[in-house]
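Labels run A, B, C and D following the written order; every chain starts at residue 1.
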Amino acid sequence: METNRVEAFSDGVMAIAITIMVLELKTPDTPDLHGVAQVLPTFLTYVLSFVYIGIYWSNHHHLMHLSDKVDGGALWANLNLLFWLSIVPFTTRWMDESSLSPLPVLVYGINLLLAAVAYTILQTRLIRLQGAESRLARAIQSDAKGKWSLVLYAVGCLGAYVSVWISAAAYVGVAAMWIIPDRRIERAVADGD
Amino acid sequence: METNRVEAFSDGVMAIAITIMVLELKTPDTPDLHGVAQVLPTFLTYVLSFVYIGIYWSNHHHLMHLSDKVDGGALWANLNLLFWLSIVPFTTRWMDESSLSPLPVLVYGINLLLAAVAYTILQTRLIRLQGAESRLARAIQSDAKGKWSLVLYAVGCLGAYVSVWISAAAYVGVAAMWIIPDRRIERAVADGD
Amino acid sequence: METNRVEAFSDGVMAIAITIMVLELKTPDTPDLHGVAQVLPTFLTYVLSFVYIGIYWSNHHHLMHLSDKVDGGALWANLNLLFWLSIVPFTTRWMDESSLSPLPVLVYGINLLLAAVAYTILQTRLIRLQGAESRLARAIQSDAKGKWSLVLYAVGCLGAYVSVWISAAAYVGVAAMWIIPDRRIERAVADGD
Amino acid sequence: METNRVEAFSDGVMAIAITIMVLELKTPDTPDLHGVAQVLPTFLTYVLSFVYIGIYWSNHHHLMHLSDKVDGGALWANLNLLFWLSIVPFTTRWMDESSLSPLPVLVYGINLLLAAVAYTILQTRLIRLQGAESRLARAIQSDAKGKWSLVLYAVGCLGAYVSVWISAAAYVGVAAMWIIPDRRIERAVADGD
């Protein structure tokens, strides 16, 4: 089974998840700077979620590019990842509506954490499928970033009951860490092509 | 006529149907565990519908992969399937809003049943088009799973007036049966490639 | 300029327009047959709009398949068509919310009419671009169906002030006429391939 | 890294942004001409935003067509552009809900301005990546239109506090300027193919 239709479907789901969040954005009650200030926190969570889905899309792009084949298990691992990404608009909305209450902030972190776990499962499955000598396996030898992300997510989740700023710092931190493109994979792509 | 643009359009519709359901998810009234418990049934029906559309996407993927050509009739059989999948978000929402009343649970089952019938019609049409000696025809000789699904859907629909748990068990049962990828087709794909 | 990205974008817009209409569907007030009867007219207009966009997708598919190149003008003619298709969910919703009042029924007809005009402009542009000896030009010699559609739309629009049933009959009539795939083009596709 | 999946994802986001705006359109309160008159301003802003996203799609199409490769930086420059396009439905909605108050009209202009800046960054990055002798670099030598757009956006933004008609004229003016396809690029595409 080839990867192109998996990519097309995944692109579709990620493009929709990243775009429909705008439907959730409430407009300010008043057309003045006070109104803008009021929606600013919501807007920033929107930006954060947009960046997260963008990161997943970018990494997914690389992952699939280095994979030549997928099987039934990889399809389901991919659907699992898409599931957790597809509910990001929901957990983002809850966090906003609750004015950053601890539980919704924790749930948002769990959502990101489960997306990260789903991504790792997909990656592992694809590496096994391509073989230990494949370009993909060589590109992803240690996954330090992935492990640090899990630690930061855990800090963000637990920190929500101390201060949501700890959570915010942790979630933004993971995003910042990943915005820098994965040079291991990028190099492997460049070498392989 | 080739299958690639049919796949692209179908992927689009299925990706949207699977993703916009999140817009229907109501956030909890309170940011605590009580609120989470309150939205949990809704969330589980969301998961079920997500899995169903995921199954259809996966099987559709296989079906098209084994088909070399489509005609006008197959295009309409495909649109018929997409129609029933596109209203899954609506029947899911009604079921949730009614707190799992019998009629909406029955209607949800009818929706799934008609999607299954539409899929069978599309499959039959594509088999006839590819010919009796085609890879697709050989891959799908008996369709035991398809027949069992119809029986279980009927049980789920009728059971709604006895207990919605019968329906839930039936609908989850069909999904579980299909999550296991269709080995017949997968084998045929592997042999053919 | 090649047609594939135009097709991809058009598929996207049509897939979204056809699928988001389900977000507009109001669930019945009560979970019983009375509730079902209450939403039935809305559901039928949903089906009609779904079929219309399906017809456009199918014909667009054929049209692009027979075209080898597009230019800037064709891109804008295509965007014009997509615009009128993208507002079908809006005019459908207004028609439903007004319980089929004459003006919204008329506006729905105008929407369909302008989509048909936009399609004709796109078709004309593409024929000119491919040349008089092209497969596309030979496939579409007389456009009797297109002309009959315009007549029926006009009847449907004007009839709205006599009885919305005249409009309904006209709009359903055009859809029925087009559901039958365009044999001229289909034959040309088959001959050309 | 190749451009095709970037195009697919970008097409998806732009197709969704352009189509979901219709969900924001409020239907008239009354099914008569008074109701139509009431929603007309909203409808016109919808048309304007549709045209803007259409222009971006069309130019993006050309830009990618002339690019043979993308890198991580270009991916993020592209996501930045998609971000500003994805919030056009939000700023359009705010402008409408506030009945064209100065601040929302200004914010809409800033949105357009930042999308234009994002496009310029993407274009610059892609030109550098393809090299000074590439088809893309030769196609875009002076970018007079781009510079005039920035001036007009600034006029539109500042003018909002004098009269929203100045803003409207400026925003419509930029759109009109770009609807005419970019002949430099179109010629380069034609020459190159």
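Methods note: contacts are C-beta pairs under 8 Å (C-beta built on N, C-alpha and C of every residue); 3 or more make two chains touch, one makes a residue touch a chain.
Per UniProt, the chains are A, B, C, D = Integral membrane protein.
As the structure is a prediction and not an experimental result, all values here were calculated from the model.
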* Can we say the copies chain B (Integral membrane protein) and chain C (Integral membrane protein) touch using the same residue numbers, with more than half in common, or are the two sides different? -> different
* Structure fact -> Relative to chain D (Integral membrane protein), the most remote chain by C-alpha centroid is chain B
* Asked: What's the rotation, in steps of 5°, that superposes chain A (Integral membrane protein)'s Cα atoms on chain B (Integral membrane protein)?
  -> 90
* Counting in whole Å, what is the centre-to-centre distance of chain C (Integral membrane protein) and chain D (Integral membrane protein), each centre being its mean C-alpha position? -> 26
* State, to the nearest whole Å, the distance from the C-alpha centre of chain A (Integral membrane protein) to the C-alpha centre of chain C (Integral membrane protein). => 37
* On chain C (Integral membrane protein), where are the residues touching two or more other chains? -> 8, 12, 15-16, 20, 23
* Partner chain A (Integral membrane protein), residues of chain D (Integral membrane protein) touching it in the complex -> 1, 5-6, 8-9, 12-13, 15-17, 20, 23-24, 71-73, 75-76, 79, 82-83, 86-87, 89-90, 93-94, 97-98, 101-104, 107
* Structure fact -> Residue set of chain B (Integral membrane protein) touching chain A (Integral membrane protein) in the complex reads 7-8, 11-12, 14-16, 18-20, 22-23, 25, 27-28, 31-33, 35-36, 47, 50, 54, 57-58, 61, 65, 179, 181, 186, 189
